[in-house]
Structure formats: structure tokens, C-alpha cells
Amino acid sequence: MIDPSWVAGLGVIIFAIGLWGAFTRKNAIIVLMCIELILNAVNLNFVAGAAHFGDELGWMYAAFAIAIAAAEVAIGLAIFLSLYSKHATISLDGLELLKN
Amino acid sequence: MGSEISVEFWVATIPFVPLLTFPIILFLGQYFNGKDWWKNILKEGGSISLMSMGIVLILTSMVVAQFIGEMHNGQGLDIIDWITFDVLRSDGMTNGVNLGFGIYIDHISLMLLFVASFLCFLINWFSIGYMNTDKINDNRNHRFYAEFLIFCSGMLGMVLADNFLWLFIFWEIMGLCSYLLIGFYYEKPSAAAAAKKAFLTTRVGDVFLMIGLIIMWNIYGSLEFDIIFGWDYFTNPVDMTLLKTSLILMFIGAVGKSAQFPLHVWLPDAMEGPTPVSALIHAATMVNAGLYLVARMFPIFIGTAGDGLVGELADVAIIIAIIGGITAFMAAGIAFVQNDIKKVLAYSTMSQLAYIFTGLGAALWFASKGKPELALFALGASLFHLFNHAMAKGMLFMASGSVIHEMHHAHHHISHGEHEGFDAQDMTNMGGLASKLPITSTAMAAGSMSIIGIPLIGGFWSKEGIIAKIWKAAIYDGGYLLFIPAILLLISAGMTGFYMSRMWFMTFAGKPKTKVAEHVHEETPWIKFPLVILTFMTLGGIVFASLHFVSWVSEGHAFHYDLIHEMKHAFLAMDKEGVIDSTFLILTWATIGLSSIIGPIIAMSLYGGNLKDGENAIPTVSWLVKLSGMVKNRWEFDNSTLANSGLAEALRRRLYFDDFYDWICIKLIVPIGIGAALFDKKGVDGVIKGIESGSQSASTWIRKLTTGSARDYIMMVALGSLIFVGLIWGMV
Amino acid sequence: MAAYDVLSIDGGLKLLPEIVLLAGILALFFITNLGDAKIRIPLTRLRIPALLGGNRFKWNSDPRIPGIVSVFTLIFAIGMLIQTLGDDCADIMKGFCSETTILTTTGKNPVHLLKLDSFSRLFELMFFLALLLVSAASLNRLQADSNPSNDDLEQLLDNRRQVDFYLLLLISGLGMTVVAMSMNLFVLFIGLELASLPIYVLVAFHKESKAGSEAGVKYFITGAISSAVGLYGMSLLYLWSGSLQLTVLEAAWASMDTPEALPLFGISLLLVGFGFKISSVPFHFVAPDAYSGASSPVAALLATASKTLGFIGLMRILMIVTLPETGETAVWMFAFGTLSVVTMTWGNLAALGSENPKRMLAYSSVAHAGYMMAALVAVAAWKSGSYTETNNNGLMAAELIIGAIIFHLFVLISFKIGAFMVISHLETEDDVTDMSSLHGLAKREPIIATSMFVFMLALAGVPPLAGFMSKFLMVTGIVQVASADVLVNNNVDLIPTILGMHWTFFLAIAIFINSAISLYYYLRIGVLMFFEESSTRLPLPKVSILRFVIFVCAIGTVFFGINSDWLVETVTNAASALFADS
Amino acid sequence: MAENKTKLNDGMYVIGGLFIAISVLMFASPNMPSMENDWVTLPLIGLPILGSLLLMGFASAVPAWRKESISETIKYASLGIALIVLIITTLMMTDILMNVHWANITFNQYMYEVEYNWINSIGAEWHVGIDGLSMPMVWLTALLVPITIITTWNEKKPWYYHPLLILMGGCLIGVFVSLDFFMFYVFWELTLVPMFFLILNWGGKERKYAAQKFFIYTFTASILMLLGIITLYLLQDPSTANASITGRTFDMHDMIQNAQEQVILGNIWLGPGVQKLLFVLFMAGFLVKLPVVPFHTWLPDAHVQAPTGGSMLLAGVMLKMGAYGMFRIPISMFPYALVEFQMPLMIIGMISLFYGAWVCLGQTNLKRMVAYSSVSHMGIILLGIASLQPLGFAGAIFMMFAHGLISPMLFGVAGAFKHHYHTLEIGSMRGMAKHSPWLAGNMMFSWMGSLGLPLLAGFVAEVAVLIALWFEFGWWVIIPGITLAITAAYYLWSMQRTIFEGGENTELPKSLGDEKPRDIALSENIGLISLAILIVIFGIFPFIFFEMMSGYSSELIKQMLMDDIMRRW
């Protein structure tokens, strides 16, 4: 069995990649994917924790986290769609109607 | 706290009679202005006011009649506890101290009470003639009478008050009325300016007076005459330096009110007011307030010296005397060159008041040196001079008013209403009026003689006494500094002889200098009566003198008639034992020679002259006119060199005092005010405005950070995570 | 295995309000589809053919029907909420005093996932009230179709969009109740997501305008990242302690002698998630954009209910988990103290020059978050200071402070929603993009303008309005903590006395200085309404329900200022319940 | 002039007549109606506040085109309410003056005291009472409101204006009677709201700026006071006797009593440093309200922009709230700190007095000048306090009252000038005495009152303070002395440039345009002259109130301050 700390370490890397990607990328969908990366890092942690502590709830947390991620993606894509229908773009850069 | 003999309560009602009358006149006048009955029957308030003053005069006469007998002590009566309070000192709380109002009657206040109510009545009478016949006064005479009445109540109240605080309160009320009445012709810029000047100058003095009072209150724990005069300096020692300071500060107040050097500048300008105002306020009554105040200090000097503190307060006396001497000399000098008849009288007033101050200075000097006999005599002489001067100067102003009034009418008559560029007060426009204004000229002659001190006439007796006492103080008591006022006073006596004569001769003698002067008639009703009465009062100085007015007014001795003694004393400098003091004999005759002979003769030679052919003056003055004509023919000389000299110019510019004060106001005080206002706006408020604009720009800047870009927001979230981590780690 | 078996539900009847809410969601779905041959799946264009029926009835295609259903559902839920209190409470005015655990695992370590007590009940009430006001206010507001140019009668009578809107509202409400009740961090998080996801949609609901969709995207992206970061922090905590149960975490935290990296990182990142919810600096940037892009009722929801969610989370974490032993210093105290001052100052300064009323309200909302954060810091100071004894009612200073925060969150519902409702009312006429919409409102609508002014003064904290009471209570709490030692120290001079105060005293001063700054822009609104001239003097369109909501808010604002006795007791009870959880 | 007089309706005469009749009856009847009921203070606050809210609500419900028709009704209703309050207050005052010895209600002893639980949970009470300090202020407020209403009878939009005035009056009375910190603070801030609207809606050109500045500035200061209140509240010992959740109350009465007990024991209540801190916090609020230099700049702006009625109440009563607060709280509770801060207080007072007077001299705007003169006069109050003498305290309290009569008249006159000549520039015209004799007379009277002419109310206070000042600070008294002269200078200078002159070529302000200059209307005159009469009455008979003020001050010093003062000596 892999030491849960390796899993958690992988989680840190994925989290960092996700966070980095989230504020460096312009494309909303890629940003959404980066968010998914962060959530996956979370999942890794939960799984690692569950395995380490033998806690059943940990598995459940992971499962719920996946569900949340899915819901988030669904909603996100819907919102991006409405953005696209008005702005004809899903780049995050052009959105400066509301500021100051 | 009152003395054992209680004064009748109704004495206190005297000031309230006019005080209650004035609103009636004011409101009636405001609503019924222009109505016939208001104009003709009530004389635009004059009748009401006269009635009120009549009541005052009757009441005063009753008071005087009651108290005129032997009265060595003042009698006080507390009426109200005006404000009551406690005082915390290092030895605990003193309860129930109060500043109250009450009345205090002694010979001094009786004398001034009489002078005030008598002159108020007469001048009110005069005003009905003078004010109501002048078109320029239409629709505003009710104001005149109302303010006049407030003034009267102020004066009467001041004389009756039983403590320094209420003295000060009524003093200020008088100041207000003076202000209002000087500014009576408010549309004239010069009148408005003069009113302001008068109020401000006296206010400067009043501030010092008030501080003096505060210090005095701190010394005695009270301002009541009863307490202060009866103070026992043995058992309750006081800080003499503080007391001295307080007295000097109070004297500065008196200087302001009585127009003494260096706060004298307001009085000549105050002549902008109607002539009755000048007569009453700026000659006969209000300006005496300062003298009254100084006279009220007298018991303090007596008391300190009596309790062993001899000479402690002598400095104050010296200051008072020197200020008096300087003013007497300076004012007389300036009076030389004045052509405005009222201005001459104003400077004369200043000069004569200065005499009284010097006399009071001598009195205080003797008092502090522990010589109450001499002190009382000097005090008596000063107060007697006050009395004589009030009567004479009141009359002189009324007479000058008569002249001006008639000149004005004549001018109207001739020029049919055009009055540009004609000054009815300018003596160079007059001349030869003796034949046209018989009563006025007689009255003016009597008044002038009284002021000059022509032997036997009113002012002579008192002025002689003052000069003798100040010299006595200077010679015998080591007050070498007192030589300054002594010498100045002697010279001023001669100068008085000159300028008063100059005024009379320029006005009444010689040929008429303008066409207007030829058409003058003495026809206005109501004007003559007061002149006649006061002429007799002035000439009656000899009666008062021989009744020992001096010892009555200073000590409260009953009158006793002894003319011969007085004559000997006055002319031969003989004391009670019949010993003649040769120094004072010389001094007396030097004074008489200067004031009654040399001064008038020079004036006659310059300004005298016979009347126009075929015109005759009333016999009472015709000899004077003829004498002047004689003198002029013989000794006329050309004074143009002197008249055009720098000194004369300086005198015409009033020795630059006004210029100096104007400079201070315009170049110093106003710029500071404007600077302060600017500083407040830019500096103090600028900080607030700066905070406001600063936060506005901070707001703009900070809102720019909300760029609108989602990626920036995300980065901020990431950054925020780091901040959180950092701060929390940092904490650990 | 028994380990995986069941979650047991106790006292299910206590969940009646939630059940009512669920029933409402279902009702929304069914009622609007009654009589239709094609049943529409909400939030989609999908229509499933049913065998029965033909066209919908006229009454249930009325655009107002979903709103009415929602309003009645919420009223009913509130009624149920009060009903379920009745058993244990002798005096309802004394507050919500019952305590029941609802959801418990039956595993080897039975843990309570959901709990009902004064704390959660009060918050549920608050959420229901906020949702009720928002629902009522939205009744007449929504356009029937995303494309207003299509004025076909059938389109006009359609209520699909409304169904979506209210459905999202109610679902979000369900999530909120979960947050209020949860005793487990993860459950709390699920509740939070359940509440937030519909709100993301609601923000973007205004999709016919460019601003609406832009705001939706920004808000979603930022929100999703923040909550993901928060969730990651939570997972770190899980890695550290092996449980996300609050009580377990608390015990673990208390037993931690030296600071460890894992929990500290976890807590920090978790705070990011909640920080976004309460719009604290630097996670607040999107708030003004979201508020101004969303419709006013949604913005009102963001400013009240959404912020409340964040604060529930913060209170759970900070007050239960990480509150140190007496005499020690909480790790987050300094960070939070700094951020609170920065937040309130930033919010106020930014609002100062803001020209868009909604953005101004958003920034003001940021500032208010700062005030409440400062109050939270004071609790930490309370723990670290010596002043921990209770006073006569057994109440701790901490309870007063937490009570004050709850009080503030409660009364925010009246005046913050009220303010947004006024703007909402203005929007019935035209879009509100700058202050000029408010010009001369007093001449057009004196009562509305007066109400708005009341809301503004309440936001500024002018007595005797509710906003003053809340700020007053917060500062009282802070000062109580800060001044604890001052009598003991007994310094002689002024400066040592001030410095002898706990530094949280300066938080109180900061709150006051910021109140003064904030007054500037709140008053400006009053000036605009009462002073400036508007181009028209016609009154606004009559929308009676909106007016009614505004009046209710105004009355609440005044009422809770003047007669706050009941509310103060209630919130302090709730705060006691919070601490009792630990 | 006749055509310029406003026609006053019969209603005015009816109300006036009724008022006079009741007053006469009240004073004449041997058995004066005794105000037995302690709740009598409630209508003083409640009636104006509720009445004005009702009136304004009614007015807002009336459509704009019909508002003119209800304006008379609302004016009379407002005046009626104000007069009812005045009558009740006067009855209370005569009751106290006639039936109660002042010693019984001096320091920390109150009449008409009511305690009623309000916000029980935090210990805030409806606690009101009247003592020698508040009675004059309450009466002054009750008096000024009807006078203000009458003076500004013809203001625009009367349906909101006059109700706002009585609302203001109600809030102000609330400040003066409250004995509970919470209530005190609530009313304290409430007074800002009506004044804000008065300035904002009826003010001059810069009213927007002025109203906001006024509100923010004073609010900022008073939240420091709130911080003080909270700190003081929390430093009380919690007691189970109190039902509040913190175990404490906001009761001023109790706190003063606590402080007093400590003073008797020879202790410093709450310790020296804390007293200083609390003193500073409270004073910050009160000094800005007073105001003193350099925190005074809100005042000129507010005054210049405020409508006549607004500035009358602002100067007449609102400024006095600061001084009142000082006496009620810091002086009564923190004797040690007061004695410690005596010198700074004196210096601040001196600066306000002196600097204010100089700034007056440089003003060209009439209202601005009068406003700065208020700053200057408020310095006298501070000096009276700093003197730590019973006389100084009494003088300061009397100054509150006297200035409360004089400054409304000053602003009433300035407002009338603005109203009839459309300008406030000093020196923009000459010869007002000719065109508007009543206005000129009132102006001159009020200015004379302000410059401290004897026998007018202000003089008493000035003399009292100066005497007390000498006790404590000796020669410092020169500065107030010089200020008196400067005060005279700026007033007289302005008088010369406004009322006087203008003989042959009359100069009128350009703002007048083609209008003929008018005199003031009858209603304005009634208001101003009644103020003038009061100024004279209290100038000649100051003991009507001075006795109670003096009693209050003495007791205050005896019971609280004496030990500290002695210790310092």
C-alpha cells in the first residue's frame, strides 16, 4: 500500500498546478478545469486520509466532493454558455464592463 | 451690610423713572410718527421725556433736601442680591457671596445726583426747542428722547450705585447711549465713524476697568462701597501691589470715559452728535463718570494711610495727576487752533476734566501720605470744579447750540435750502453775533469766564483751589514728580484764558464774516430758558463758594456762609489762622494774571473788534465787545507766522494721535483679523477639506484596484491565501 | 459491515421547516406543470411528454404563481420553525432554546452531523426571512422571457423563468439550513455548495444583459476557486486529524502543543473559502461586480444570506475549532485583526467615491464584513486575556460578541435588503447604473426616499436604528475584552492607560473611524434624494409588493433599533449555544 | 411699511391669546397647578416627535398641488404643539421655582425622575429627570422652538419645515432630560437628523456641502463619546441586581453616585489613568459640539448655509448640548481628570475665545461673523469650567442660557437681513436704519447683547467667568479682556458698515436688484422682540436662574471636586 503521504504530496502538486493555472489562463473553460484539478487534489487528500485513518467517512467525503465538482462543472458551463451568447467569447480577459 | 441709617427705598426709584418712560416714547413714536398731536402736543416725545425728567428732578430735590445736612458717612442700602455664589479658596468654601445692587448716598453722590438731574431737565427743555424745529430730525426725535432717557437713568443709576460693579454697569449703559446719540445722524459717515470711535475707545478703557474691578473683588471679596471703605487693613491685610494695580486699571477706565490722554481722541469727534447731546453727555455728565470713579477711590487711600500704610498708594496718585496735567496742557493747545465752535468746547472740556483729575490726584496724594485735611480740601476743590464745570460747560454747549441753530436757520433763509459747503459750526463764518443773539452771547460770556476762571465767577474758586493744592503737594510733600502737572496746569490756565476768549470774540465780536451771520435772529422758543437759569448758576459760583461747598462736598459738613474768609483764602492765600503764605499768594496772582489778563488780551488783540456800525449788543456784553475793539486797535499783531508754523499744523492734526490710532487699526488690527480669517479658511478648514479630498482620491485609487478582470480577482484570491498563510505562520 | 450502515435521524419532526421547503420545491415543479401535456424539467428547455392533459391552465401559467408558491412556502416554513420550538421552550420570547441532534452516524464512533439548537434555528429563521423578503420582492419584477421583445401573449403568460428563479432560491435555502445545522465541516461545506451553486446561477440569471452574464462568470469563477481552495484546506485538516467533526477537530487542536504545519495551512486555506463568502479583503473584488451585475433582489441575497453563510462557517471554525486555551493567543488573531481593519477601511474608502449605488452598497457590505471580523478577533483576545470570568447571567464576553455579530447579520436583513429593494424599485423604471437614478427621489416618492434614508442611516450606525444597536453591541464586546485589564493595571497617565489596553481596543476605534468615513457616502445618498433635482417628478411605477417589502424593512430597521430587547436575548442565547457545542 | 406686513391669521391671535391667558392665569393664581405627575417629561419629548412625524406624514400624503392649502393648518398645529410644550415646561419651572427649594434638586438629585426599563438586556433605561442644570436648558429649548416658528413663519415649504423644528425641539429636550447614557446618546444623535434636513432643504447655496459636513463632523466626534460611554459602561462592576446580560446599566445617576462614594472615601474612581482616558473621550465629543478651535470649522459652514430657524436652534440650543454634556458627564464623574486637565482646558478656551474674535474681525459674511462669535463665546464657557470655581461653573451655565437667548436673535436678525436684502455681505449696503428701522434696531440690540453690554444676559456670565478666572489664573484674564474689546470692534465696525451711513447717495446691495428695501415682517418682529425682552429680563434679573445654577455648581464642587482641587493646591 502506498504511503498516504505520497498521495497527499501528489495532491499538493495538483493543487499548485490548479491554482497556478486558474489565474494564468484566459480561457474560462481551462480555468474551470484548473478548479477541477484543485478539487481532485482535495479528493486525493480525502482518500489518503481515509486510508490512513481507516475512517469510512473519508471515502464518503471524496464521493461527495466528486459530486460537487460535477455540479460545479455543470453550472459553470451553463454560465459560460450564457456568457458566450452575449459576448461571443469565453475569454476572461475581455470582461471589463463592470469595474471600479 | 448696609450702614445703620437706612436710606429710603424710594431713592432707588429715581433711575427707574426714565427707564420706564423710554419704551413708551420709543413705541409711540414708531407707530404715531408724523401725527399732528404727536408732533405738536407731545413734541415727538419731548413732553413725555420732560415730564419724566421733571419727576426725577423733584425726587432728587427731595433727596437732596433730606440729606443735605450733616452727613459724614455714606449711607448704603442693599436692594437685590443680583447674583449669589460661593467661592472656593484654599481654606474652604465661602458661601453666599453676592454681587448685589443697592444705593449709596453721600455728599458726592448727592452733588452729582443734583447736577445730573438738573442738567438733564434743562437740556431736555432745550432739546425741545433745538431738536424739534430742525427738519433733519423729522421722524426720529422719539429716538432721541428715548435714548436721552436711557442715558439719564444710566447716569442717575451710576451715581446712586452702592458698588463698583453696578457703577460699571450703568457706566456702560451711558456708553451705549453716548454711542447711539453720537450716531444720531447715522447717515453721515463722519457721525457713524465718530460713534464707533467713541464706543471703542471707551471700551478699551472699560476692559481695564473691568479687570481692575475683578482684581478689586478678589482683594476685598466684595465691591460694595460700605465694605471697601470700611476695610480694616490691620486685621485683614491686603496685597498692596495688587491693590495698586487694580486702582491703576480702574483709572484707565476713567481715562477712557473722561477722555484723558491717551484715550482722548473720541471726544472731539463725538461733537458729531446733536448739540444737546454734546451738552449733556460729552460735557456735563457722562464724562464726569471717570472723575466720579476716581473720587470714589478716595476712601481707599484714606483708609490705607489711616491703617498705617502711608504712601503705599502714592504712585497711583502721581500717575493720575500727571495724566491730568498732560491732558490739560495738550487739550488747551489743540483748542488754540480749532475753528469749529463745538470742537473748541470739546477740547476745553477735556482740559477742564484734566484739571479735576489733577486735583483728584493731589487729593489722593495727600490721602495716601496721611494728610487727610489737605486731601479733603483738594477733593472738595476738585468736586467743586466738577460742579462748576458741569454747569458752565452745559450752558456753553447749549449756547453754542443756539448759535449753530440760528446760523443754520439764517443760512436756510438766505440760500433757500441749499446748504452745500456751508458749515454752521465754523467760527470763521460767524462774527458780530453779539447784537443778534443777546441772551446767548451773555450766557456764553458768563460760561467762558467761569471756565477761564475770571475772579469771582464760578470756576475761579475751584480752579484756584486745584492749582494751589497740586503745587502744595509738589512743593511740600516731596512729590517732585508732581511739579510736572503743577507747572502744566499753571500754563494751561493762561491758555484757557486765550482759547475761550478767542472763541467768544470770534463768534460774537467784530464784523459779521459772512452774509449768513448778518441774518441771524434769536427766535427759537424753548432755548432761552435753560440758558438764563444756567447763567445764574454759573455766576452764582461765588455763593456756593462762600457757603463752603468745598467742605460740604468733601466731608459732608453743613453749609455755612462765610464769604470774607473765602475771599481772603482765595486772593490772599490766607489760612484759618490768618497767616499768609507768600508762595501761594504769588501763585494765585500768577494764575489770575495768566488766565484772566494775558490770555484774554491776546485773544482780543487777535480776534476782537467792534460790531458793525449801528448795532449794539446787550449791555451785559457790550462792554466786552468794546473792550476787545479797544485792545485790538492798540495791540493787534500778525500771528500768521505762528499760525502757519509746524506746531500749529501739528495741533490742527490733533498732535497726530488720531492718525496714529487709525494707523494701528487699519494697518495692524484689521490685517490681523483678515489674516486670521484667511488662516481659518485655508489652514484650519483646509485640513478638513484636505482630509475630504484626500479620501476622495484614495477612493478613486483604491477603486482602480478593482480592475474588472476576473483573472486579477483570481490572482487576488491566490494572493490572499498566501497572505493568510503568511500571517498565521507569522503569528506562530 | 456495520461500519457503513446507516445515518440515523432523530427527531425528524424537528425538520418540518426543511420538509416544507422540499415540499415547496416539489410544488413549484408540479403546480406550474399542471394540465400541461409536456412536463418541463426546470432550469432546462427539456419538456417530457406526458400522457395526460393538453395546455396549461391560465392560472398556473400566471408569471406570479411561482413567486406566490415560494412566498407561501417560506411563510409556512417560518411557521413550522416557530411551531417546532414550542415543545421545549416555556417562553418563546426567551429565544430558541431547544437542542436536538438530528443526523448521527451509527458507526463505531457515532458522530453528530446535524444539530438543532438556538444557534441553528435562529440562523434558519434569518435565512427564511431573507429569502421571504427576496421572493416577495421579486414577484412583479421578473420578465416573463429572456427576450422582452417577444410580446406574444403566450410568452407573456409563461412563467418558466420564474419557476427557475424561485426553484433556485428555495434550493439555496435548503443548503443554507444545512449550513446552519451542521456539526461536521464537510457537511457544512456541502450545505455551503448547495446554497452557493444556485446563487451563482441567480447572479447570472440576468442573462439578457451583458453585465449580467459577465457578473455571473466572474462571480462563479472566483467563488468556485475560493471554495475549492477552502475545500483543499479542509482536506488538509482531515489529513491531520482524521475527522472533520467539529468536536474532534477541537480536541485535536487543543491537544496540539507546538504549531504544526498541516492544520495551520488547513485553517488558513479554509479561511480563504469563508473569506470569499463574507467578501473580506482580498477576496472581495468580485463582490461589487456581482452586485451590480445581478438583479437587486439577488444582490440583496448576496449581501445578507450569503454573507451569513460565511460567518456561520467562520464562527464554527474559529470559535469551536481553533479557539485556544485561556491565556494563549489564537493563531489567527493577528491575521484576522489586520484583515478586518484593511477590509473595513478598503470597503469604506472604495464606497466613498463610488458612483453606482449597487457597487456602493457592495463596498459598504465589504466594510460591514470588516466590522464583524474585528468582533471575531476580540473573542480571541478574550481568550488570551485575563478577563474570562462570566458576569451575573453566566454570560461570557465572547457570547456577547458573537451575539452582536449574529445581531448584525439579523438586522442586516432589514436594512440591507431594504436598501436593495429601493434600488430594485428604481430598476422597475430604468436600469440603475449611477447615482443620478436617485436624484430627487424624495419629491417623487417621499416615503420610499425616507425609508431609503433610514436604511442608509442604519448602515452608518446612527441611533436609534437597528444598525446602531448592532455596531454598539459589537464595540461593547470588543471594548469589554480590551478594557479587561485596564482597572488592574491602574496607570496614572493617559498614554500608558491607552497602551495598557489590549490592542483590540484600536479595532473599536477603527470601527468608529470607519463609521465616520462611511457616513459620508451614506449621507450622500440622502443628499441626492432630498436635494438634487430629478428630470421627472412622476412617481415610480406602482409595484405594491415591493413597496410593502420596503416598508416592512423600514419598520424592522426602526423596530429593532428601538426595541431590541428580545433580539439581544435571542442572539446571546444563540451564541451560548454555539459555545455549548464545543 | 404697511404693505410689507405679513397678514397673520386670526389663528395666530387665538393661539397667542390663549397662551398669554394661560400664562397669566398660571402666574396669577395663588394655587399654582402643581405638576405632580413625574411622567410629565414624556409629552415634552413624545408630543413633538410624534406630532411632527404625523404632520410630515400627513403632508407627504397630500399631493403637491394641494400642499399650499394645508400649509396654514400645519403651521398652526406645529406652533400649537410647541406652545403646549412651552406651557408644560413653564409650569414645571414655576412649580420648581415656587414650591421646591433648589438645594433639594442640585447635584445628582432630580425632580420628575422616571425610571422605566427600555432595552432590558443591555441595561438601557428610559431614565429621565430634571435638576438645576437641565431645567434652564429644557425651558430654553421649549421657549426657542415657538419663537423660531414665529420668526420664520413664512418659510418655504412649511408643511415640512415647521414640523422639523418641533421634531428638533423634542430631540433636544430628550438630550437634556435623559439620565441614561444610552438614551442620552440616542437623542444626541437624533438631533442631527432634523438639523441635517433643515440645512439641506432650506439652506443657502452651499447647503449640500454644509449639511454633510455638519452631520459627519459632529457624528465623528460623538462616536468618540460613544466609545467613552461603552468603556465607562463596561468598567462598572457587574451586579446581579441588574437584569441586563452584562450585569451593568447605563444609569448616569448611579454612576455619579458611585463616583461620589469613591470621592468620599478619598479614592479616585476607576483609577487615574482611566479617568483621564474617559475624560478625553467624552470631551472629544463635547468639545467638537461646543465647538472649540480647531474643531470649529463645521459651525460657520453650517450656520451660513442653514435657514434662519435652523441656525437659531443650532446656535441657541445645539451648541449648548456640548457644554451641558460636559457638566453632566465628565465634570460630574471624573473630578480627578478634570483637575488634571484644567490647564489644557483653559488654554483651549483661551484660544477659542481669542482666535474666534480675531477671525470675526476678518469676516465679510454676516452669518459667518456671528458664527465665529459663537465660537468665541463658547470659549468663555470653557474658561468658566477650567476655573474650577463655583462662580465659574455658574457663569458657564449661565452663559449657556444667555447665549441661548442671544445667538438665536443674532441669527434671526441675520436671517431676516438675508431674507429682505438677499445678501449676507457686511458692507454691501449702508443705512439700514433708514430703510428697515426695526431690523436695524433688532440687529443693533442683538449685537450689543453679544458684545456683553451690561444689563443684557451675556454680561452676567462674562463677569462671573472672568472673576472666577482671576481666582485661578490671575493675569490670564487679560486675554478675555482684550477679546471683549475686539468683540466690540467687530460688531461696531459691522454696524457702521451696515446700519449707519448711507446719507445722500444711499448704497443698497446689488442683490436687491430693483426691489425696494423692506422692513421685517410682523411675525419676524414678534419673535425677535420677544427674544430681546427675554435678554433684558435675564440681564436685569439673572437670579431667576442664577441661583439654581449657582446652587448646582457649588454642590457639584463641594461633593465631587473639592478634594481634588485642594489636593492640587
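Each chain carries a letter (A, B, C and D) given by its place in the written order, and its residues are counted from 1.
The definition used in the following text is that a contact is a pair of C-beta atoms (placed from the backbone, for glycine too) under 8 Å apart; a residue touches a chain by one contact, two chains touch by 3 or more.
Keep in mind that what you see is a predicted model, and the values were worked out from it rather than measured.
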Set of chains adjacent to subunit A and to subunit C: B
Chain nearest the global centroid, as defined over all protein CA atoms shown: D
Whole-Å gap separating subunit B and subunit C, where each centre is the average of the chain's CA atoms: 80
Distance between the centres, which are taken as Cα means, of subunit D and subunit C, whole angstrom: 43
Subunit A and subunit B, separation of their C-alpha mean positions in angstrom: 98
Cα-centroid distance, subunit B relative to subunit D, in whole angstrom: 39
Where subunit A touches two or more other chains at once, by residue number: 19, 22, 31, 92, 95, 97-100
Of all residues in subunit D, the ones touching two or more other chains: none
Multi-partner residues of subunit B (each touching 2 or more other chains): 703, 706, 708, 710, 714, 717-718, 721
In contact (per the touch rule at the top): chain pairs: A-B, A-C, B-C, B-D, C-D
Subunit C residues touching subunit B - in the complex, by the definition given at the top: 217-218, 221-222, 225-226, 229, 259, 264-265, 267-269, 271-272, 275-276, 281-283, 285-286, 288-289, 329, 331-335, 338-339, 346, 349-354, 517, 520
Parts of subunit B lying in touch with subunit C, wherever the complex brings them together: 692, 695-696, 698-700, 702-703, 705-706, 708, 710, 712-714, 716-721, 723-725, 727-732
Footprint of subunit C on subunit A - complex, ascending: 4, 8, 11, 15, 18-19, 22, 28, 31-32, 35, 38-39, 41-43, 45-46, 48-49, 52-53, 55-58, 61, 64-65, 68, 71-72, 75-76, 78-80, 82-83, 85-87, 92, 95, 97-100
Interfacial residue positions of subunit B with respect to subunit D in the complex: 30, 80-90, 93, 95, 99, 165, 168-170, 172-173, 176, 179, 183, 185-189, 191-193, 195-196, 199-200, 203-204, 206-208, 210-211, 214-215, 217-218, 669-670, 672-678, 680, 684-685, 687-688
Residues of subunit D defined as touching subunit B within the complex: 213, 217, 293-294, 296-298, 301, 355, 358-363, 372, 388-391, 394, 430-431, 433-434, 437-438, 448, 453-455, 459-460, 463-464, 466-467, 470-471, 477-478, 481-482, 484-486, 488-490, 492-493, 495-496, 499-504, 542-543, 546-547, 550, 553-554, 557-558, 562, 565-566, 569
